[in-house]
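First, the structure itself, so that you have it in front of you.
So that you can tell them apart, the chains are marked A, B, C, D and E in the order they are listed, and the count of residues begins at 1 in each.
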Amino acid sequence: MAIGDYAFLIPLLPALAFVLTFFLGKKLPNGGAIIPIVAIATSFVISLLITLGLLQNPEQVINQSVSWFAMLNLGILVDPLAAVMLTMVSFVSLLIHIYSTGYMSHDRAQYRYFAETSLFTASMLSLIISDNILQLFISWELVGLCSYLLIGFWYQKPAAASAAKKAFLTTRIGDVMFLAGIVVLFADLFRLYNGAIPDGIFILKFDEIFSQIPQLAAMSTPVLGFQVNHLTLITLLFFGGAVGKSGQFPLHVWLPDAMEGPTTVSALIHAATMVTAGVYLVARTFPMFIAAPDSLMVVAYLGAFTAIFAATMGIVMNDLKRVLAYSTISQLGYMMLGLGVGAAIGAEAVGISIFHLINHAFFKALLFLCAGSVIHAVGTHDMRQLGGVAKVMPITAATMIIAALALAGIGIPGTSIGFSGFISKDAIIEAAYLFGENGGGWFPYVLSIAAALLTSIYIFRLIFMTFFGKPRTAYGGHESPASMTIPLSILALFALAFGALTTERFNKFVSETFVNNFVHMDIPGLAELGGYHLAAHAGHEPLIILWLPVIVGVAGLLIAYLVYGMRIVNMDKLVSRNNPVYKLLYNRYYQNAILTNFLSIKVVYEGLAFAGRAVDRGFDWIVDWIGNISLDAGDALRQFQTGVVQNYAMIVITGVSLLVILIAVVREVL
Amino acid sequence: MLLSMIVLIPLIFAVLTLLTKTRAQARALALVSSVAVLLLTIYTYFMFDSTSAATQFEEMYTWVPSLGISYNLGIDGISLPLILLNAIVIPLLILFTWNDEKHAPNRFYSLILITQGAVLGVFCALDFFLFYVFWELTLIPLFFMVSMWGGPKKHYASIKFFIYTHVASLVMLLGIFGLYFAAWNNTGTPSLNIPYLLSQFQFIGSGMTRDLIFLALLFGFIVKLPVFPFHSWLPDAYTEAPTAGSVLFVLLKIGGYGIFKIMLPLLPFTASPNLMITIMGALGAVSVLYGAFLALAQQDMKRMVAYSSLSHMGYVTLGAAGLVSLSVSGAMFQQFSHGLIMSIMFMACGVINNATGTRIMNELGGLAQRMPKLAVIMVLAFMASLGLPGLTGFIAEFSVLSGSFVNLQGYVVIALMAIVITGAYHLWALQRSMFGVYKEKLGNVVDINGYQTFAMGLIAILIVYFGLNPSPVLDMMLTNSEYLVGLMAGMGV
Amino acid sequence: MDLMLFAPEITMVVTGLAVLLIGLFLPVESKKVLGYLASLGILIALYFTVASLGTNALAFYDTLSVDALSQFFKIVFLVVTLLFSIAAIKYTEGSKNTEEFYVLAIFATIGMMFVASANDLMVLFVAFELASISTYTLSGFEKNNPQSLEASIKYFLIGSLSAALMLFGITFLYGVTGTTSIPGIAAGAAALAASPIGILAVVLLIAGFGFKIALVPFHMWAPDTYQGSPSLVSSLLAAGSKKMGIVAAFKVFIVALIALKVEWQIAFAVLAVITMTVGNAAALSQTSVKRMLAYSSLAQAGYITMAFVVLTPMALGGGILYALSHGFMKAGAFIVTAAVVYMVLSENKDAQNPDHIDNFRGLGRRMPVTALSMTIFVFALAGIPLTAGYMSKFVLFSSTIQAGFAWLAVIAILNSALSLYYYAKIVKYMYFLPTEGTKVSEPLPYTLALVVAVAGVLAIGFWPEPFIYWAMEAAKVLLAGGM
Amino acid sequence: MIPVELYIGLAAVIFAIGLFGFMTQRNGVRMLMCVELMLNSANINLVAFSSYHGNLTGQVFTLYVIALAAAEAAIGFAILMSIFRMKDMIDLDKINVLRW
Amino acid sequence: MLNKQFTIMQIITSVYRFFRPRIVGMVIALLFLAIVLVSVIGTSWPAIDQLPQNLDDQSNIKGIGLLIFTEFVVPFELLSIVLLSAMVGAIYIAKGEAGR
């Protein structure tokens, strides 16, 4: 398989493109956009070829490793999971780069934009292709860096600079947990080898880690009185990282603020790719999760909660991009839920979750790009100022409606007919039902259904407010250039059909990730370790269960139409500061006040840091005090030196007398 | 002769530089000297066998036989990377200050060279006498540096630094004496040879004596490092020093060197190794957290960087106490990495101070628009400093954390908590100084000049290079740390 | 009996008399010759002393001994006097009384040298008085300067009192043992040890010697006198006559009174600690450099005194080496102040407190060689490596630890750290504080003396081996007799 | 025979008187006299011991001490004279420019 | 009677007046005296059990002269230098050339 030998180029080419663009881009037309586009296109082609190859022969996983330092390595691993992700990321990235040539054409710092996005693409591809957890973490951090740089792309805007910092710091909380997980994992593996790691064994490589799962599951430590299973600890710490990166509750706060960056960045990083890294991480280490007691439960519950939590806020936002941001958070919750229900359906969970991830990437990128197109044309984010945009921007409107339908999950259950979002989201909700049926609790299922309703409402609220009705303000506008509309159309095609076309094949393909020549995991066996009961295969759900998501989706559409399209209800009463529910939602549950103003600024900065400063002054004071006391003592001693010679004589004689007495006394004592 | 040349060339050139009359002559001589040292060091590096933990390039002449003092130089995998660091940064530092308008340039460059020679001497010395001589010799030029070209509180800062670290050195000297005489009494021959005395430590009869010797030496080293709570001299000295002085402080890696070279071989033979490990680990971990909080509370950018240095140095003791080859080598690498990163950070602070006349971050803002080159380098340095993977800081921190976790779980948790704070103050500083709206009252600032760009840029490239490929220096550190850890394992520690 | 044994002393006496007589007949302007003559004589004496290192002999009915100890200290005295005499060429320039200045200094040195050789308390006492009486006058040499006279009268009165105390103590030794010979007293010391009079005698002798060494509380005269006297005389007092007290104490206590070891060890332990602490603490806030150096000299005396407490060959060797190093460092430092005083007075004849630290401002620019030498001296005094001060401290402090007196070493080391403050202050003034003064041409004699002193300080710092060897030999002499 | 203790006691008393005077007198000349007193009390000791030991060392010493005392007195008076010339008084407790 | 008492009072008062500024010196001198006396009394001194052999020739001049020029010749010679030194010094200091 010759093409596999070039797999290492997938992340490397965009990285090279970054260097070239950064140093040369200023002098090239369009900020040198052509360099990353070519590089990413090549990466995409390689990825695609590899994926196709793997489809033929799923056993032929590509794995190449080189020693890095100590017992750590750098390497690439392209298994089905990685292959589909690689293809998707390089594809979306390619489209967005093309789109950006139009979108960013007026910006002076274009070259910086393209350099940073290609660095981002390189990091993201490297994240996916890693064959060890450390390299994954490194790429993980690098994508965080790129996200930071790109959110703060317009660093002159204080809000952008601040949002960038917030995004980096919030995800860093998760990153630290992830790092802690790696540290614990490393220490455990180190102990398993008794500190003597043979040459050629790379301790943090996935196959190495997976092969030690049973031993890891057997280790436990008392923490605060609880006996904590190490595997649970590690996986939850990993999940902590995923929570930060994928915007799960409570570390989601950065994601809406991240919309301060260019819309393309939001599409690429904060919708399609980077934010899904958390999902990818959990999927990648799924064998560990499933062998770890309770971990998957946490994943499922938190995912479900995030899905509905974010959806409630999505309903009240007036900013185009913020609605989409909350939608992203919500959908990421679904993906996490999809992984979490692996407690009931085993490795198949990876399949459905990643499937949703891919579909979501398409339609969410599309939504963002459409929003970008609108913003680019009319120059405002605020939906309250828009309306009737469909008339001026028909292509944008059409593609966006497709994306919205995909997001809302419209389709016909029991068949493969439906928007891509329907196929994958339905599968997750079904799995959640199975999860409940198999003793996991009904909470995730109920929440996921409710969230589906809310999803439908907020997305069609957006559609109706933006594209239909009468313009509420006078905005100029025109359809976007071809460099923008063509990527929109391509993405719309995928949002429309990708799910339907690939559903069967895809799940099977991705679920095979853990059974091949790289690792051969006995997922049901591991589930035993984790204490999960896998259900028999799905498909026996009551019909209502199959139909319910679609029903709520359509219901949401209708509600949105009635409220925002027909305006049969006067929302002004509800939408006011006097309505506590609205106020709560509009203020986003006061999380900003609690987390940023109180926790970060009051407690950490003003409390701890300033307390630290006071303590430090104390140490300083001690040092100075020792110095001063010496000086004072010296001054005091000098007072004996009166300058009168008779006094000197007295002191001499007194000294003699006392010395005699002292010696006599001491000699007696001794 | 190679090592003697490396150590003596800067000292000789320092004298020559002192005799020059003009700024051009002084800086040219200094550059010649430092480049010569760099070339020799690179030659040494390529001749060095990184798979051996033994002392290499040894030179030995008797000096004062009646006291067992000899002129004995030699390097191993602990010292070579630090020598390399020093040899690389000093010429760049000289380039960085190429167009500085400082008074008495001959003294200025002379002091830089003396510091370099002294620090290199500490790294090369294999005799405690020589070691101490160079150790103390580092104090004087830095004292002068701070007092002559320092900031408004330079007198306070320089005296504080001088006396504080001198006290520590003297305590260390007490420890050396203890070791020296204990060995002398046991074997009947005086010797101050470092490896010999280290090997004799275990034969000292009284456990109490061994512990006291160990603690005395440790005190000397951790004050120099420095580590909480013996850091009071650091913020003042680092902040008040001129930029070059701050960079020299950063390159003053002798405290950490002492910990690896002298403390770790002694550790297994103390009466209560676990207590010592606890002390080192706890101090290290607390330093990491404490330094981070203090850095967060600072308004002055340079002071913030100084505290961040304290935070980073905590990893050195923590890693050393971790007693796993990865953590120990990570701690060594932290010294190397910290030297590179902090050099740029202090250079950046210096540039900003020169350009705008202030280092108070709230008074800055939007500098990236006027100083794009500086902004790029500074962002890179800050990212490296906050431990971003792909840069040197991460390699060190990851190695220390994961290695130390094997033995010292609690302390690693403390250090992990600091990581978020570390990120916070770095980013906040960037946001307040570089980003946002440009404050017009800062006047018309100009970007860094060509020499400065070259100096800072090259260090930045090294940070990236060693961040992606640490093996060139990490391998020899690993060899040595495996040897050191092997000693512990032999003792069942 | 070989008179060559006393060639140094004889040379000195001849030189002294020659200077005195020739000086009578020389006109004022050519009295410079006397300085060269004296320096030459001292140099010859120094040569004889060095040449006779290693001889061991008793002479003059066993009242004098020539051995490593005596010769080593003679070297110390001669070196200090040599520095003094070179520098004095400038100091006495244009003075009518050059010959008095030189002859008194030479006589004082002769007294010190005989103390070093004394093997009998009578010799010791008379020689002690010779050194004292000569320096009383020297210290009041600027007889129109009230400070100088005040210094002189204080020195004289406390000196007389101490002499009386010492003599009183010696009478008791004589009373109990019936002899004044040092070995004789050692033989009869058992009786002393058994009776309370022994303690009294020991303390009286400590007071007598402690006056010269400037141990607290017998030090009261020292800061005043060092400050008030001409700087060169201070250098002779601090660097030379202080060592005379030390060598006398070595001989009397370690050789003659070893039987009362416990008693005087207690005393010296207490005095050493008090002395170094008081010296350093009081020096911290001085503004007169000479006074600061005086207090620092107190502190140094405290360190040397540790040798009595530790009493191992190495500690004694360290103490003896310290005496030599201190001779170079302190003499050099005082000569620097002499040069500064000269500079100040040559600018303004009526300047008050010419040794005030403000006059050191910008010295690095005004008198570069002098300032550099001062830097080396103060760093040596502070114990910075590669100087004589460090080497001596190294041997002395480390031997203290070796002997198990870690607490004493800790106190000494902390003191040493404390001292850095005021030493650094001088350096700060010289190099960092601005001045309006312009560059001054440095007088050659001062510079020459400083160069010699710096050479000595660095020689001991860089190549201590021969010095340590002879210091150890000297220490062996002490312990061979007693232990 | 008279016990030697009495001689020593006498010497001690004289010494103490000398000390007392030395510590309390203001006049420089009186202080010098007190010094003489102390030296001579030591001489009493020496002679007494010499007699009791039957050797002459102490007496020789006494002679030397007398000579030394004379030399010392000469220097002392000379210095006091100088001071008197300058300040018109020799009250030593007022000569305290050098202090602290 | 009255007169006598008055006189005693007067004496006491004048004694007090004399000593008041000297009390510290007094105490110190007495302390020193006490220490010396205690030490002296506590010591067993050499006691002479017979008178000197040669009662006829009580002269010690010859003996002293012999000692001065044999055993203690060095101090004697030194003394000559002391006297010379004292002479030079005293003359120098006392000489009033510059005057005031």
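The rule we apply is simple: contacts are C-beta pairs under 8 Å (C-beta built on N, C-alpha and C of every residue); 3 or more make two chains touch, one makes a residue touch a chain.
All values derive from a computational prediction rather than experimental measurement.
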**Prompt:** How short can a path of touching chains from chain B to chain D be, counted in steps?
**Reply:** 2
**Chain occupying the most central position, where position means C-alpha average** = B
**C-D compared against A-D, more contacting pairs** = C-D
**Asked** Farthest chain from chain D, comparing Cα centres?
**Response** A
**Request:** Mind checking the centre-to-centre distance between chain B and chain E? Centres are C-alpha means, answer in whole Å.
**Result:** 68
**Request:** Would you kindly tell me how far, in whole Å, the mean C-alpha position of chain C lies from that of chain B?
**Result:** 42
**Asked** Taking each chain's centre as the mean of its CA atoms, how far is chain A from chain C in angstrom?
**Response** 77
**Prompt:** Taking each chain's centre as the mean of its CA atoms, how far is chain C from chain E in angstrom?
**Reply:** 29
**Item:** In chain C, residues with contacts to at least two other chains
**Value:** 122, 125-126, 129, 133, 136-137, 140, 143-144, 152-154, 157, 161, 165, 175, 178, 196, 199-200, 223-224, 418, 421
**Request:** Give me the residues of chain D that touch two or more other chains.
**Result:** 4, 8, 15, 19, 22-24, 31, 52-53, 57, 60, 64, 68, 71-72, 75, 78-79, 82, 86, 92, 95-99
**Asked** In chain A, what residues contact two or more other chains?
**Response** 627, 638, 641, 643, 645-646, 649-650, 653-654, 656, 660
**Prompt:** Which chains touch, pair by pair?
**Reply:** A-B, A-C, A-D, A-E, B-C, C-D, C-E, D-E
**Message:** List the residues on chain D that touch chain A in their complex, please.
**Reply:** 19, 22-26, 31, 92-93, 95-100
**Residues of chain E that touch chain C when the two form their complex** = 35-36, 38-40, 42-46, 70-75, 78-79, 81-82, 84-86, 88-90, 92-93, 97-98, 100
**Request:** Give every residue of chain C touching chain A within the complex, in rising order.
**Result:** 153-154, 157-158, 161-162, 165, 196, 199-200, 202-204, 206-207, 211, 216-218, 220-221, 223-224, 262-263, 266-267, 270-271, 278, 280-285, 418, 421
**Message:** Considering only the defined contacts, which chain E positions touch chain D in the complex?
**Reply:** 21-22, 24-26, 28-30, 32-33, 36-37, 40-41, 45-48, 51-52, 60, 63-64, 67-68, 71-72, 75-76, 79, 82-83, 85-87, 89-94, 96, 99-100
**Request:** Can you check the complex and tell me which residues of chain A touch chain D?
**Result:** 638-639, 641-646, 649-650, 653
